[in-house]
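Look for chain A in each of the two complexes below; its partner is chain B in the first and chain C in the second.
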Partner chain A sequence: MPEYPVDESVDITDVVCPVTFVKAKVAMEELEEGQVISIRMNEGEPVQNVPRSIKDEGHQILKLIDNKDGTCSLIVRKGREDA
Partner chain B sequence: MIFSNAQMERYSRHIILKEVGVKGQKRLMESRVLIVGAGGLGSPAALYLAAAGVGVIGIADADAVDLSNLQRQVLHGAADVGKPKVDSAREAMEAVNPDIKVNAHRIFVNANNVLDLIENYDFVIDGTDNFPAKFLINDACVLARKPFSHAGIIRFQGQLMTYVPGAGPCYRCVFETPPPPDAVPTCRQAGVIGAVAGVIGSLQAMEAVKYIVGIGQLLTGSLLTYDALAMEFRKLKLPRRDDCAVCGDSPSIVKPFDYEATVCEVSL
Partner chain C sequence: MAEVDYKALKNGGFMRQKQKNNFSLRLKVIGGNLTAEQIVTIANVSKKYGDGHVHLTSRQGVEIPFIKLGDIDAVKSELLDGGVHTGVCGPRVRTVTACQGSSICPSGCIDTYGLAVEISERYFGRELPHKFKFGVTGCQNNCLKAEENDLGVKGGYLIQWEKDSCVFCNVCAKACRTNAITVLEDRLEVNESKCNNCGRCVKSCPSGSWKGKPSYVLSFGGTFGNRIARGKEILPIVTDKETLFRVADAAVDFFAEYAKSGERFRTAIDRAGWDALQKALEAASHA
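And then the complex of A and B:
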């Protein structure tokens, strides 16, 4: 797991595209601006697409951590509302 | 988590959109829309709003399904002929989305019941097929300060406009009074292409969605006309009239009233 101060975490390994991004987006909705979330996702397609979509929404990608179990954890800081 | 995994999947195409997102979908799920008329216009509007997850959909119609309805009223199927339209409408909407609540109002909307009917809804869709009903819904919505979508279709043509209190004209600003009976044929007499109802009813659903989510430009202050044969949409700018009998500065209409409907119109 990420050695990073996170306020919230969400696991999107149980859903497939495009619900991966949707589930991450729904989880981020609960956060305040500036809070940090860890998003656990499967390697491959989610790692290709989810970070890009999250960036497009105006959030800040802090780090992508390889969990060495076929999953990665994306550490994101929530951006401005309606950014 | 606000949504279940199934809801996230069902509404994923909404939530992905920046303009809708989680907040917009929540607004849709918390909204209440009334559709007056389970016919050609009401059918696509009802199906799309049900699919969109509008929390409560009211559908008002006193008629039963007739075989001649099926050419355009896609809420109803062959097995529904003879059944109250509101019942088959409810079944069709619940089949699309079991999460929503459907209120079936098996009534003819008139001056005595219209205010009570619209009171509990956030937005009204006028899917009726006759002028007395259209003026009645307009007057009631203006008096109750309720936003609504007007539409009408005939032959290969359709039109719609959106009324929001305080923004632009009402239907009566544009059309002061109903035309004399028989001056304009009903769609029973004149005919209509089913897909025209599909186009215009879908646009009404779109206006409702935009109003609820709070995005984009509504058809307030404009009448959109559609000519299917020429394949032309036109948007006519229309002002609010200060001397409008219902939404003007000193209105003479202070409560809803019924125009007399012709016998033919009533059973349409």
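And then the complex of A and C:
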């Protein structure tokens, strides 16, 4: 993914809702503001819900990449802590 | 003692219990919301005049059982002092139910409680051939089960995409449960026959490029008691409240005109014809 250099990545395909969001949130907390993370998630419920939750937390969603293997990678830039 | 007018009592929400001279008092609740003060009032009345418990009904109401016949006036007046009104039973417009909607719930597309209050102010207690139930649910998740009501309202968004701010991230296409959105090189394509107005594209869009106009999907003739039948959507989505109320007026009028006494809306529509109802509703929506 040359277009989106990422600082960190996390795979949440091994957990189910609502732990998907929790695992993503914990990973995001490790980042500094402005850093970019790639979150790999399953198609279906996770991809329908996690991006919206991430957005509601105040982070900036850059892209959702379809990995064509039943998973997607959400590229997110961490927002301000108090956002 | 004078002869008891049980029918009048029932109309006022006093439901006769199997225990002689005991009544389960139905309270007026809109959209399942009560203030803390109202709850305290209800609790006090239950302790003082009932047996210290209340029943939460299947339609978001509250009943206080074991109210004695002789206490009815005192009970009503104490409830009223605490801002609590009695409900209704019998052949009239019943409690208007609602989910929490857009003022509380992240999924809500419409202000369900505000609308339930307006519906209740307009129709609650109106005499009709049989009971008539309104229910308001905020979105396609349908927590409030719109289609089991005589007239169900379901919130939705009429969606519009704005190119300028779109970052073509693809989130909306994946958030959409009906696969109505295709992300192309330079634009987004919406298959309108697939869109169910759930608004998930609007809610998930990181750049605010999807605009959603709060709208109403209406269903008619639902019933979920002795007879079970799902309310039917026979009108296009309604995008303003004025039209919603004109259509609701027409539905209630249709029921009043065509139903035999003791007949539910569904049965009346089945007999008078769905085409006739649709015609009446369409005329009202275009008025």
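A few comments on the model shown:
We adopt the following convention: the second predicted complex is superposed on the first by the 80 of 83 C-alpha atoms of A that agree within 3 Å, B and C clash if a C-alpha of one lies under 4 Å from a C-alpha of the other, contacts with A are read in each partner's own complex, and residues count from 1 in each chain.
The working rule: contacts are C-beta pairs under 8 Å (C-beta built on N, C-alpha and C of every residue); 3 or more make two chains touch, one makes a residue touch a chain.
Keep in mind that what you see is a predicted model, and the values were worked out from it rather than measured.
Applying the stated clash criterion after superposition on chain A shows that chain B and chain C can sit side by side. Of the two partner chains, chain C is the only one touched by A:51; chain B is not. Looking at the shared chain after the overlay, A:60 reaches chain C, while chain B stays out of its contact range.
In the overlay built on the shared chain, the residue A:22 is in contact with chain B alone; chain C does not reach it.
By the touch criterion stated above, A:14 is placed in contact with chain B alone, chain C being left untouched.
Rounded to the nearest 10, the angle made at the CA centre of chain A by the CA centres of chain B and chain C in the overlaid structures is 70 degrees.
Of the two partner chains, chain C is the only one that A:72 touches; chain B does not reach it. After superposing the two complexes on chain A, the shortest C-alpha to C-alpha distance between chain B and chain C comes to 5 Å. Comparing the two complexes, residues 56 of chain A contact chain B in one case and chain C in the other. Taken in their complex, chain B has these residues touching chain A: 1-3, 5, 8-9, 11-13, 15-16, 18, 21-23.
Interface residues of chain A, counted against chain C in their complex, comprise 43, 47-49, 51-52, 55-56, 60-66, 72, 74. Across the complex, chain B is touched by residues 14-15, 18-19, 21-23, 25-27, 29-30, 53, 56-57 of chain A. On the chain C side of its complex with chain A, the touching residues are 106, 167, 169-171, 174-175, 177, 200, 203-206.
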